[in-house]
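Presented sequentially are two complexes of subunit A, the first with subunit B as partner and the second with subunit C.
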Partner chain A sequence: MTNAELIDKLLIGTYTKTDAIRRIRSLHQFLENQLFASRISEFTASSSADVAWLSGLGADFMKEFTTENMYLKVEDLDTQIKKIQALIIYLPFEVPQGEVVRLGLRMRKDFGANFLLEFRFDPTLIAGCALVWNNIYKDYSVKKKINLNKEIILTSIREYLAEQNRV
Partner chain B sequence: MSELPYSQLINLILLVVITAGVSIWCFKEYFKNRLPKPSDIDSDIDIVTEKNYQLLHDAIKKSQEIISSAELEGIKLTAGSKFQNKNMEEKYAEILKQTGEDLQKQLTGQAIRAEEDFVGFLSELQTRGQQSQNLIDETIKEKVDALFVRLNTSLDTLVGQTVSKSLEAIQHELEISRQATESYKQQQLTIIDENVIDLLEKTLSLVLVKKLTLRDQLDLVYEALEKAKAEKFLTEPATTTLKTPAPLPPLPTVAQQPTKVN
Partner chain C sequence: MDNKPTTSKPLSSSQEVGFVLSVRDFLVYSDGLPSIKINEIVVSETGARGWVNGLLEDRVQILMIDENNVQPGEMFKRSGKSLDLSVGQHLIGRAINPIGVPLDGKGPLKKIKADELFEIDQEASGIDKRQFITDQFITGLGVIDTLIPLGLGQRELVLGDIRSGKGRFLLDVVINQKQTGTVCVYCLIGKATTEVRAIMDELTASGALSYTVIVAASANDMAPLNYLAPHSAMTIAQYFQKLGKNVLVILDDLGIHAKVHREISLLSDKSPGRESYPGDIFYQHSHLLERAGRFTAEFGGGSITVLPAIEINLNDFTTLIPTNIMSMTDGHLLFKSALFSQGIYPSVDIDLSVSRVGRQTQNRVQNSLSSKIRNILSQAKSLETLSSFSSELPEETQIILKQKNILEEFLKQDFRTYLPLSLQTAFLGLALTNYLKFKPLDVIIRNKMVFLKGLFEAREFAQITANALKFKSDDELIAKLETVASKFDSLIK
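The block that comes next holds the complex of A and B.
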């Protein structure tokens, strides 16, 4: 199995860059546990989802790693994963894991199997989201919409206040 | 009677003398050619000699008469000339005297006239001097008046300009103050507007967080993603090439077993 195929395998069911890096770390720990059991007493995954992901990798995947190449391969996989450009999505709320999967699947349908997301929290956006792609920030939030329609809103407020004063 | 000058008289006498000489010479030549026979000669000689003497005597007499007449005439002419000279001298003297008197009179008249002219000139000069003085006085007065008028005008202009400049400066200051006030007002209004917008944003963030469901929020996110896709914002990155879509495996079941792997 080549590194690219290993990465394809690794990214199955992993839709965010944070998850991918964390899972590489889990894989690292898991492989250390498997290959050097004498050194590490036991492996505890950070989440049940990661455990499920590790289980889903299959025995063929694990065979690729030996005591000699494990560190190099894991380091290479980590580097490759970090090189992948992720779509950064700023959100004013926390996305549940199920929605992350749904969103990831939807994006991969349009942009390819290795498409990764990266969620960041920004409560000032009010609603909607802002995106960063190719180092370009684009705001699609309600805050941006308010700013775009600031004059209309202020005019409406002024008109309302004027009407109130007349009354 | 015309008066002959003395030189002409001398010429006349010389003419008479020469004429007499020539006549004698012609006479001698005539008788030399008609010489008589020797026999007759002696007798004739005496006669001829006598005749010659007679002729010579007559000629001399005639010449003496002529000379006398000429001398007399000369004396007469000289006397006449002297007389005429005297007359002329007198006449000339008279004329000279008259001329002198005339000249004196003319000179005197001219001197008087010159004096009168000079007096007139001095008088005119005095008049002109007075006129010039008056003119100068008048000019000085006019110039002084004009100077005062100009000074007055300049002062008026200066005062006007100063007042105008002061008014302009005040106007400018007022305009600056008005602009500053307007600017401040605009700034304040902008700040108020910003505050209103901030307030609105905060209110909306507080309200919408409570009012919007997760589904609504996610719908907005999907809408934004669709919009980004439509705007071609999410193009492929220049540096990282994504692989062709791989077949999607079934989703890992979260409810899958152990959390603990040996």
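The block that comes next holds the complex of A and C.
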């Protein structure tokens, strides 16, 4: 398998860059345990999803790693994953895992099989979202809209208060 | 590059961003920011500002100028602004940090207008914008104005060991600019906060703050602020110079500035050179000091006189930084703690100090008087060695040694005193008269202030003093003083 094919296999079911980097680390630990440990122990990962993902890689995938090439190969895969540009989405709430998967699948349908996302939590956005792609930040949040129309909003509030006082 | 106002780009609906890769104290490396330029300001998610200092192949080097805990992965946005400073008349009488934040507790500075923003790091003006230095910079201290004169637009290094009176001298020079219309910019680099406060109080008490701007980055401020302090001071100086004013800039002290630059460079993995300073340490100081000078009327007229200070070990002042700065300035004043502890002020070693440009600014009387005094002092020095071997000295030798003692006494001055040029000249001319040559030394020393006061106030002498600089030569001045010197007999004790 070429490195590109290994990456494609790794990214099946992995939709965010954070997950991808974490899973590479899990793979590293798993391979170390399998190839170098004097006594092979049962592998435990941070989540059952990671364990399931690791099992899903298959024997053909694991055959690519030997005691001679394991460290270099994993380091190379890690570098390649980190080079993939992810779409960073700032949201004012934590995204549930189900939504991550749904969004990830939709993005891959439109933009390619190895498309990765990155979710960040920013409650100051109030609502809406902000996106970063290709180092360009675009703000589609309510906070931005409020800032753009600050003077109009403040004027309206002052007028309302003035009216209330008259009444 | 002229001292032009900056033009900040308005923020568009989309912004370039980068994410922090690594953090080393105040040094941050970020990816992204594809079309960022050097000297631009970037802002983190928490509002902390960083100054783009380097563009590497795959990273942007940012120096933080606001205190903040930056985390890896944090986003930096382009602000569209470059590193600039709001400069104007509103800075007079204020103490600010290098990025324009007031430190003196007198409230915020006035609102910033676009045409008052100037880039902090600027290139020096070209030769076509400069003029020959012809006017003397008056310090009000006899030993400097007569023997080691400075010119308006000169750069004179002030160096000395610890407790040698450099700080007092610099303060005196600022305070003595009271009636000259000179704007002073006092820049403190890496000094203790208490020292910064003491200098502010001193300038306020003496009334000097009414024509002075203080730019201070104290020892507990971040290294980038200490690095920027002298650049900000020169930017402020250039603003006032363009208005046709004479400006005095004091940079205290450039040795600390060099250390700060070394710290930043070593942290950013630049190869260390001699004494671990980076390879561009000479350029950092030279392009700063080259912003001083005297300028043509088309370029605003005015002048910027710089007194960079540096603390050294007198046992070895041939280390890198002092020798670098000596080579890029127009002379140096060497202060010695041994002289200071003997009560001599200003504690300048006249033999080891030099002013390469100041002599051309003196008038002929001062010039010839200065040559005569230097001659006597130098002769006395060689004769002093001989006198330690001989108990009986020829009369001529005794006279020279006595004149040397009189001159040394007359060159001493108290702190916070100002002597006008004409009075300095008359006073030192009096020291060379036959009248004092044959007076007992202890009488002369005891009545020093009587002589000084008499020259200034007594009717017989005031006229000569007022015209001291108008005589054809120093011999004529001395001869004139001889004719009326005996009138001192009624005044002295």
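Everything that follows uses one rule, which is that the second predicted complex is superposed on the first by the 163 of 167 C-alpha atoms of A that agree within 3 Å, B and C clash if a C-alpha of one lies under 4 Å from a C-alpha of the other, contacts with A are read in each partner's own complex, and residues count from 1 in each chain.
Here, a contact is a pair of C-beta atoms (placed from the backbone, for glycine too) under 8 Å apart; a residue touches a chain by one contact, two chains touch by 3 or more.
Keep in mind that this is a model prediction, so the values were computed, not measured.
S.K.: Quick one: subunit B and subunit C on subunit A, clash or fit?
M.R.: Aligned on subunit A, subunit C fits beside subunit B.
S.K.: For A:62, select first, second, both or neither according to whether it touches subunit B, subunit C, the two together, or no partner.
M.R.: Neither partner.
S.K.: Please indicate which partner A:137 is in contact with in the superposed arrangement: first for subunit B, second for subunit C, both, or neither.
M.R.: In the superposition, A:137 touches subunit C alone.
S.K.: Is A:35 contacted by the first partner subunit B, the second partner subunit C, both or neither?
M.R.: Neither subunit B nor subunit C is touched by A:35.
S.K.: With both structures placed on chain A, which of the two partners, subunit B or subunit C, ends up touching more residues of subunit A?
M.R.: Looking at subunit A, the partner in contact with more of its residues is B.
S.K.: Between subunit B and subunit C, what minimal C-alpha to C-alpha distance in angstrom results from the superposition?
M.R.: So the smallest C-alpha gap separating subunit B from subunit C comes to 9 Å.
S.K.: Enumerate the residues of subunit A that count as touching subunit B in its complex and touching subunit C in the other.
M.R.: 134, 136, 138
S.K.: For the complex, which residues does subunit B have touching subunit A?
M.R.: These residues of subunit B touch subunit A: 193, 196-197, 200-201, 204-205, 208-209, 212, 214, 216-218, 220-225, 227-229, 233-240, 242-249, 251-254, 256-262.
S.K.: Give every residue of subunit A touching subunit B within the complex, in rising order.
M.R.: So the residues of subunit A touching subunit B come out as 4, 8, 12-13, 30, 33, 42-45, 48-49, 51-56, 83-85, 87, 89, 91-93, 95-97, 99, 101, 103, 105-115, 123-124, 126-129, 131, 133-134, 136, 138, 140-143, 146-147, 150, 153-154, 157.
S.K.: Which positions of subunit A touch subunit C when the two form their complex?
M.R.: 122, 132, 134-139
S.K.: Touching residues of subunit C toward subunit A in the complex: what are they?
M.R.: Contact set of subunit C toward subunit A: 13-18, 31-34, 45, 75, 77.
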